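Pasting the structures here.
In the two complexes that follow, chain A is the common piece, with chain B as its partner first and chain C second.
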Partner chain A sequence: MLAFQILIDGFAVSALYALGAMGFTLIFGVSGVLNLSHGAIMVAAAVAAWAAASVLHTGTYTGALIGIAVALIMSFATYFAVVQPIQRSRRIPNEEKEIFVLTGTLLWGIMIQELIAYFFTNNAKTVLPIIEGVVNIMGVRTPQNEIFTAVVCCVVIALLWLLVNRTRTGKVVLAASMNPRGVTLLGHELTSVYIVVWAIYGVLAGLAGVLLGMFLGVSSYSVGPLTASAFSIVVLGGLGSVSGSLIAAFVVGYLETLTAYLINPAYRTIPALLLLVVVMYIRPQGLLGRR
Partner chain B sequence: MSLKTALHASTSLIALAGAVALGLFASPALAADPIKIAVIAEAQAIAGASMPQAAQLAAEEINAKGGVDGRKIEIVTYDNHSSSADSVRAFQRAVNEDKVNAVIASYISEVVLALEPWAARLKTVMVTPGAASNEITKAVHKDYDKNKYTFHGYLTSASLALSVCDAAKDLLVDGKHTKTAVIMSEDAAWTKPLDIGYQECLPKIGLKVLDHIRFSPDTTDFTPIFNKIEAAKPDVIITGISHVGVQPTVQWKNQQVPIPMFGISSQATNETFGKDTNNAAEGVLYQGVSGPDLAITPKSLPFAEAFRKKYGNFPSYCGYTAYDEVYYLADAIKRAGSTDSDKMVAALEKTDWEGTIGRIQFYGKNDEFTHGLKYGKGLITGAMLQWQDGKQVPVWPKDVAKGQLKFPSFIKLTAN
Partner chain C sequence: MGSFFKSRLFFISLGAVIIASTLPLYVSGYVLGLLTVAYYFGVFAMSWDLLFGFAGEVNFGPTFLIGVGAYTAGIVNAQYGLSPYICIVLGAAAAVIAGFVLALPALRVRGPYFGLTTLVAVLMLQNFVVVFADLTGGEIGLTIPDVITIDSHANYWIALGFMTISAAILYGLAQSPVGLVLQASGQDAVQAGALGFNIVKHKLAAFVVSAFFSGLSGALLVFYFGTASVGTVVDIAVGVNVIVAAVLGGRRTVLGAALGAIFLIVAGEFLRPTGELATFIVSAVALLVVLFFPGGFLGAALSREARQ
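What follows is the complex of A and B.
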């Protein structure tokens, strides 16, 4: 009974973590950008979906789509207003650009967070679930929306795999992550590759944010923890490795759920962070990292 | 002395004389200087945002009637971003630069506990409209001469626990034959004394405490907590939550936890809670000192209505207390005939003011909770409200109740 409970709850949480972390790792893999405004974009998507569905009464599906659209816009805004100007700047030495991007996206994230708190308060919001009600799986009363969340996450992850490995655009993206110079030599504009990646990222982050808003709820306080959890999953899995992040998300998700059920909900995040420290000692490149 | 220096000296003299003359003229005008009250609040939180607004409303009402002995009340507001460090800086600035006469501060116990020594050091009267920890008033009791400047304008955790138990006795034990409970509270300064209070008073009213769960205030997934509670098979969950509210309530509904929630749930006191939770709040019972439909005194509803008219929404619980605080601070200043801090303290201790949340009197120097609000019949008892059809309906005590208990279909009250 308890084992099933952990299995089911852990799966939903892990799938959601995976979805949130994959866009994050994709951007790093392709363009070397660690986007620290990640959590803010996810929260913005969830709050937009909440505002659309609960304040403007647009309906659940439209609300969710609006949330994803907002994340997409924010993703492009992050790229064009923060990341690109830093990358193109001649006044910032090349070797310092990474740290500038890190700081820039962090500040950008804080700005978004403060704006959300200003306009929508820092109290938590929850997105109206697309499916309501519960089903009984092996004696575990499971909200249908939890199953829906897990299914959507798995489908989207599968689609992303297909996109990257089976389409031409995906292959260019993959190639850019391996050798950017090579891709330009083949006649592909790197900027348009980046735009594709930021678009994929926006949709993934938006979807993850909206689903998180339905499943657990978010507030402007969630911005920091969400960025941190994506960051630690990605570091654990190996920076830039999409499949590494996938595995790491499930490791972290199940470790947290096990802790919450078997030890104490108050210590939920501690073992995962300890594991991260251990992995950093033994295998600094992460589980599946290449560099 | 050359002509030039003599000229210079004489102009300085004239300037000096002028300054003295101006000073003399200015001193009678001092009486009409405004009384400045600082409001240090969590302006980004729904509960905190009401504080400066309500204080402003009270000041405008008092000023419209001529102020306090001809002196207007001026509210100076500071956003503390829910941080103790920001609050301490705001407090120092309010006293040292903006020269306020009294401070109304925060609904977070940790913040108020950080400000209390500053009220003592800067000898400035401070009242909190929303924090609850017993430690605030205990510190006044322990070192009265130093900490006497702090007043607790909201119920202490001990009183809150009593209020919840009094309501649970009538509504649950007598009304629904409820026998067992699990306490579920967030780990924060204010819930430590609350939980002690719960564990003392629940068995006394006939509710056996089966388990006691404390969780971190940054918990987002409450599934394991609800599962653990359900496994203990209690008739009711007694809550002590404030930093969290929306998330546990929504997950309680989504997972259809068949046990009612009853107790302190500060976020549920917000008018927007129904919308924030997409009406998952239906059936949630929470203790409150106020509510849009709760006529505790003849002043409660007119204030709520005036606030809604001015700001577009009903005030949070600290809106009511902050409004009262401006009034009884003004009353104390009037009785003291001065804004001298020590005289204000002496006058505030004699406060007997009918506010929006009840009759306000403070415990004395020899009581355990010195400068805390007196709790009891005829003073402040608090009330129990329930979210029903998207509205906050008073269900206890009888004289203010507007409805009966009503639960969503997934709730199974064992002894219905």
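What follows is the complex of A and C.
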């Protein structure tokens, strides 16, 4: 009974984590950018979906779409207003660009977070679920929305895999993550590759944010923890390795669910952090990292 | 080093310190209280700059070192009732040990991985504080029975003196041969190693010095506030402010970091009427500085002077 509960809840949480971390790792793999405004973009998407559905009464599907659209806009704004100017700046030495991108996106994330808090208060918001009702799976009462969340996550991850491995655009993206200079020699504009990646990232982060808003609820306080959890999942799996972060998301998701059910919900994040520290010391490049 | 005492920077700093030390004679206690916090904060930012600007290591967890120093001092005082001075020394010692423990394995990993290790350390400390609530006061905060003094003038002078001495030591260290080796290893670790310098030892030393000043400042701050809480000395938001202060003031300048910290705290206070937008405005200004003046306040001023 409890085992099934953990199995089902853990799966939904893990799938959500995987979706959230996937875009984050993709951007790092392709352009070497660690986007620390990640959590803010996810929360912005969830809050937009909440506002559309609960305040403007647009209906849950439209609300979710608005949320994703907001994340997409935010993602482009992050790239064009923060990341690209730093990458192109001649005043910042090349070896320090990574650190400047980290600082810049961190500040950008705080700005988004503060704006959300200002216009929509700090209160937790739960996005209206798309599917309502509860089903009984092997004696465990499961909200249908939880199943919906898990299914959507799996479908989107599968679609992403198809996009990256089976389409022409995807292959260019993949090639850019292996050797950016090689891609430019083949006549592809690197900037347009980056735009594609940031677009994919926006959709993924938006979807993850909206689903998270339905499943657990979000507030402007969740920005930091969300960024930190995506960061740790991605490092655990190996920076830039999409399949690595998939595995890591499930490891972290189940560890947290196990701790919450068996020990104490207050200690939820501790075992995952300990595991992260251990992995960093034994295998700093992460589970499937290349460098 | 001798040329420094003749440079314009030295006279400007000396003038600033002299003016600052006379402030209690003509400003209100409220302003003094604000500046007292700003000075302690300045030490946080300067010790962070030593690691980032010189050793080239992004420490996302300055609050780990600050928090260990602050909480150790606070707990020792609350539990055993030792005199504040002993508690402060113990706090600084604990921060040095924590810095050593954190640095030893963390220096094996580079760049973003190092940043993450330090970030995780903060999250762990935060969890520790919440889990051992009996000892640490948990989320409500730890009340500390003793204070150094309740006189706002004395507190102000202690903070100013502490910041000035720390600034002198950190700046001197940064300009010394050790600082140059650090800077070299931060910019090109392989080449610095090939020149025969022990990079790990230098970086470890930088870490320990940074930890010492962070912990000492954290402990002093706790005895000024009379309370230690996650929100004031451990939270990631506090660490972000330290980083923003250092980058804003100009990385690799040490003194600029203190300038940035004072600016940040005073600006936050001036923007108080704007309510919740204050943090937004400060972050926006910091982002603009990062984008358009990557050298920061002092960096921009110094490079203009160098050009002339």
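Heads up, the rule we're going with is that the second predicted complex is superposed on the first by the 291 of 291 C-alpha atoms of A that agree within 3 Å, B and C clash if a C-alpha of one lies under 4 Å from a C-alpha of the other, contacts with A are read in each partner's own complex, and residues count from 1 in each chain.
As a working rule, a contact is a pair of C-beta atoms (placed from the backbone, for glycine too) under 8 Å apart; a residue touches a chain by one contact, two chains touch by 3 or more.
Predicted model, so just to flag it, every value in this text is computed and none were measured.
Visitor: Can A:Ser54 be said to touch chain B (first), chain C (second), both, or neither?
Guide: first
Visitor: For A:Gly170, select first, second, both or neither according to whether it touches chain B, chain C, the two together, or no partner.
Guide: neither
Visitor: Examine A:Pro143 and indicate which partner it touches, taking first as chain B and second as chain C; both and neither are also allowed.
Guide: In the superposition, A:Pro143 touches chain B alone.
Visitor: Of the partners chain B and chain C, which touch A:Tyr118 in the superposed model: first, second, both, neither?
Guide: A:Tyr118 contacts both chain B and chain C.
Visitor: After superposition on the shared chain, which partner residues are touched by A:Val13: those of chain B (first), chain C (second), both, or neither?
Guide: In the superposition, A:Val13 contacts chain B only.
Visitor: In the overlaid three-chain picture, which partner chain does A:Gly217 touch, first (chain B) or second (chain C), both, or neither?
Guide: first
Visitor: In the superposed arrangement, does A:Pro271 touch chain B (first), chain C (second), both or neither?
Guide: Neither: A:Pro271 stays clear of chain B and chain C.
Visitor: Between chain B (first) and chain C (second), which, if any, makes contact with A:Ile110: first, second, both or neither?
Guide: A:Ile110 sits against chain C, while chain B stays out of touch.
Visitor: In the overlaid three-chain picture, which partner chain does A:Pro129 touch, first (chain B) or second (chain C), both, or neither?
Guide: A:Pro129: touches chain B, not chain C.
Visitor: Using the superposition on chain A as set up above, list the residues of chain A that contact both chain B and chain C.
Guide: The overlap between the chain B and chain C interfaces on chain A comprises residues 117-118, 266.
Visitor: Residues of chain A touching chain B in their complex?
Guide: Residues 5, 9, 13, 53-55, 117-118, 121-129, 132-134, 141, 143, 145-146, 216-217, 219-222, 225, 257, 260-261, 265-266, 268 of chain A touch chain B in their complex.
Visitor: Where on chain C does chain A make contact in their complex?
Guide: 52, 58, 105, 108-109, 111-113, 115-117, 119-120, 123-124, 127, 130-131, 187, 236-237, 240, 243-244, 247, 275-277, 279-280, 283-284, 286-287, 290-291, 294-295
Visitor: Would you pull the chain A residues touching chain C in the complex into a rising list?
Guide: 34, 82, 85-86, 89, 91-92, 95, 98-100, 102-104, 106-108, 110-111, 114-115, 117-118, 224, 228, 231-232, 235, 239, 266-267, 269-270, 273-274, 276-277, 280-281, 284
Visitor: Spell out the residues on chain B that touch chain A in their complex, using ranges where they run on.
Guide: Per the touch definition, chain B meets chain A at residues 44-46, 49, 82, 187, 213-216, 218-225, 227-228, 244-247, 250-251, 254-256, 267, 270, 272, 275-278, 280.
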